[in-house]
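Labels run A, B, C and D following the written order; every chain starts at residue 1.
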């Protein structure tokens, strides 16, 4: 028995089968995008509707959730609700910035290196990524965060953001570069690239017009998942004494500050965690939908 | 029944079994204490940090001993101290022994002080600068020759940094620190080191201790950096004492765990102000406006859950030198009046730095930010970890710093040096006043009514110059499973183990 | 042979990574603000005292010279001596922490395999049922959950609410550590477990779709044996690579989870070294971790060679 | 006496609500060999999956008609009884031998697990039986092969292993699905010869699926030609290939290159129809050079031509016979 024959027999009614394959993926995609949008829109809209200063001491500390303060108040009496959604703007913006730069640079570097026929270029780049990847990420981030320090500012972003972003930019391009290189190596075998070569197109033109358009969807899919990893990382840094420092509202620091009050004020950490979890689940669903395989036979 | 459920039951059973195997507690004479920082060695000449001193305090045999109230000292290894203007004569108790059973004589005292005074890397060298030299006149007599009158010397002699250690150990010292675990240094205090690790230090009762033997046999210090983890562990019975938890967290404690708190006898939280010309705060009117605008009651409530007290003078409320002149409540109108005509009249921006390690500091700055917002001053809070903060402080790269200073007993020397004195000037606030320095010297060298007068003049000058803004008293809140008769925290901020 | 070649390639990588990490950390830590001497001596030390210590630590020498010195030492297998624990070997300081973190990571990997492999296999077998949907959603949510959050939630419910585990801490010796290790390990498992489960599920589905499974079915091999002997081994192959690939992430996760549970692993060593600017220890930890990760990758390489007969042939 | 081993009466096969195979009537007697030919997508493999009990993994089912395998109703829901069928009464030789062997498992393990599952009597002497099976399929040095992994064998050797696995349960009917497609021409011949020899020696029936008329001609007694999910012509192999009556069969034969043939190869115009666009009348009509009104209006049924030769074409009895020399084809 063989897959060829099977798929031939099933796929003759091609689009019927395809329609059935896509159905579950569509649902995942829709739910995922819905969850992400819900969080993003909330983060954009809520701080506009409710103009409470997220750092204002609006009530007594450690008040449980109420109509006035849906997520309660934190240990100094700030409104957790407004803080969480103000924080979301920062976290999402940081994740986007943190993903975008490595995505672009890594994809271009990986494609160029992958297309290059000079062994040395390839070897040097790959050894470099080896080193960066083997270098424990947390340690590197911590060191860079300390070096760049809270004092270096990127306009519009709070203290500490610059260090986190630079650390992430230094490290994360490597994964994109590796993915892009691997994809390019596959593409290089294909006819349209060979054809372009034979037609005498320049290397730059082949990379820009032929390879990159086929490479970036692969790295883009990874970028979606990477954004979630980044949100988690940024949120984890306060646990290591780094990252965006309080009182700037940031998910990680809100949870970190709240961790000492789990028994008497669970809402500080856990409402924040809930919002992060909704966003994370959305991202995971989208990633699933993007990479999910077509339906497969069941074990009889 | 689903597999998941079964797995859950299994997990719970395993967990319960493991927990049932929990080990001993305070009843067998063992105290387990969770603290956040450990000394990297137990060399008395090398331990500048507070928590390190707390451990050293239990080991160190010192000529005098600190009373827990912080107000006076009693005799320790010394039988008597005959104070003089420029010469202190110390008589040792007879038949003193180190924990290894070897005799402790005047030779050891002299060797110890020579070691401390000559070691360029000694973090406490400032306590020894007034001492000219230390000599033994016989086996039991030591003379301290002084460069200037030093009435606080008995307090200095009680510090763990003045511990008496065997002269042989000092002579045998190579490139390594004394006391780094492999070869515990014989000590003459109530406890001796049994093991010294990076995460756990075990002390054992010293049977050769000259004073009253503690009832506690073993003290185990565990390094638990995170205060929330310390709290969780004392509540869970993993430790008997969680040092330095957030006062706001005490609501989570339940019997048998109880709160233990102590107000420092000689310690204050304050906003250190950058008095250098580079800062807006070189203008005394802005400094005073800030001092008036701060809501000390609110800081006490929000940051310390009411466990502390507003600080209304240069000194801690409990200190004998305290002369309150500030108000616990803010006065926005007065603050705005003070700002009139300054660069902050309409609006200005100040950089407030605080160490990410200090939870209280972190919360204080939030209140300060809100308080100063009310008088039109925008506060830019920048948190960084300790070493970076230190660098910024020495560089003057800040306007405000949420910090504090304290000394272990109610004597002025160290405290003044680090708040309004030259040490402070060199390090961070940039406040430099020859008048203040003269008054400090006067306070340090006098006693009795003479000292009272000097303190009064100093307080008046402080009120006029206001180089820093007191906020609250330093309070230490701990959680304990053991009675306070066995283990308690005193206003000296030392742990008292009995 | 292939084993020799793989080992050689990884050994070369260790050398390159070691060089990179040593030079890198040396350069990086010189840029770090905050003076190690000041951090050791405390704010009360006078500037002369700080200068004296800087000289003693060799911090007043040119950076190039300092790098050359630490490289020279490294060649002799010496990580240098600590600034904070003066005169003590860095190796002896970070050794115990490495052991703790490695132990935690090992238990987490074991737990993840115990949970993830049968779980993933089960999800593959029940696919397109409600159980599969719930299972997949569960793994999705767990993967979206950062490990420090998982640690907090476990600490809250399992330790504080139910009292089923110590609220952190460490016994210092095995098997006593078992009491302490399982909850932090479980926190790490919330990440690695679902990842393994999903990988196993996907790989098992791939395997189920393979003609050899159908062929086995067609010639009457019992279902149980097909699952155990045909589907499972093939589903396990990508798990080896997955675990190897995640070694670095696991170490990072362990460092964070350690702080929540106050486990004295490399994480607390690192944080202490950072706060006291103990450069040799920071460097040592970075180096040891990087080398461990490469070694771990070597282990997974060798494991792959051992279990997959195809690799042995094609290379 | 001939014994009916497999009888498919008017079966239709459905996947996802779509009927992909309709009205198939086929029979195989003990010792008989049947070839099924057709283009990709003609439903021949699906039909053979149905015979081998492998519809459910791809979500298919027999939607109408009856299928008897041995004395068992294969459409009945009695899974237990059916389990005893496959591997023992009917056994399958899959097409791609590399894909059909577990890459992580030694050949020996493949054999022993199959013997354990199918042949209770041989369990005590597993290895001997495994070696015996490998010898039967003509593999040299069976001891060594037992220790080897699938990727270490050549395609032809693997196909022999597949056949050894298929006969491990001493089946009465062997279904070989394109057993030679992935092989070199020289090896193809050996495998076909092996199948012919085995069916003869063991008195097994054989169903041979192929798109290659030559393969079928060489190895089978009767042949069924499928187009678009239906059997369009069926009969003794000799007759059908010498005197094809259905225009599709004729076209297939014409499209085949033969040695000595000097003229142009005749392709079949158009592409095979897909199930959801099947015409309401004769499914071949759109591509048939002889189609007329009747063909568009009505599905032709199988009609007897004589001598077991049947065909489904409205113009079956008109003289459409093509002038073909099949000598070389039949002797290849």
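We adopt the following convention: a contact is a pair of C-beta atoms (placed from the backbone, for glycine too) under 8 Å apart; a residue touches a chain by one contact, two chains touch by 3 or more.
Everything numeric in this text was worked out from a predicted model, so none of it was measured.
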item	value
Steps in the shortest chain-to-chain touch route ending at chain B and beginning at chain A	1
Central chain of the complex, centres being mean CA coordinates	C
Pair with more cross-chain C-beta pairs in contact, given A-C and C-D	A-C
Chain at maximum distance from chain D, centres defined as averaged CA atoms	B
Separation of chain B from chain D, taking each centre as the mean of its C-alpha atoms, in whole Å	90
For chain C paired with chain D, centre-to-centre distance based on mean C-alpha positions, whole Å	54
CA centroid of chain A to CA centroid of chain C, Å	21
Residues of chain B engaged with two or more neighbouring chains	357, 385, 388, 392
Chain A, residues touching no fewer than two other chains	1-3, 146, 149, 241, 259, 262-263, 297-300
Per-residue multi-chain contacts in chain D, two or more chains	52, 54, 57, 92, 94-96, 99-100
Residues on chain C engaged by chain D in the complex (per definition of touch)	210-212, 214-222, 225, 229-230, 233-234, 237, 307-310, 313
Chain C contact footprint on chain A (complex, rising order)	1-3, 127, 130-131, 133-140, 142-144, 146-147, 149, 228, 232, 235-236, 239-241, 255, 259, 262-263, 266, 269-270, 273, 276-277, 279-281, 283-285, 288, 293, 296-300
Complex contact set, residues of chain D against chain C	52-54, 57, 83, 86-88, 91-92, 94-96, 99-105, 109, 113-114, 117-118, 149, 151-152, 162, 165-166, 168-169
Chain A residues touching chain B - in the complex, by the definition given at the top	55-57, 61-62, 75-78, 146, 149-151, 159-160, 241-242, 245-248, 259-264
Residue ranges of chain B in contact with chain C within the complex	3, 12, 14-16, 18-19, 21-22, 40-41, 46, 48-49, 120-126, 174-177, 180, 197-200, 222-226, 229-230, 232-233, 235-236, 238-239, 357, 385-388, 390-394, 414, 418, 423, 426-427
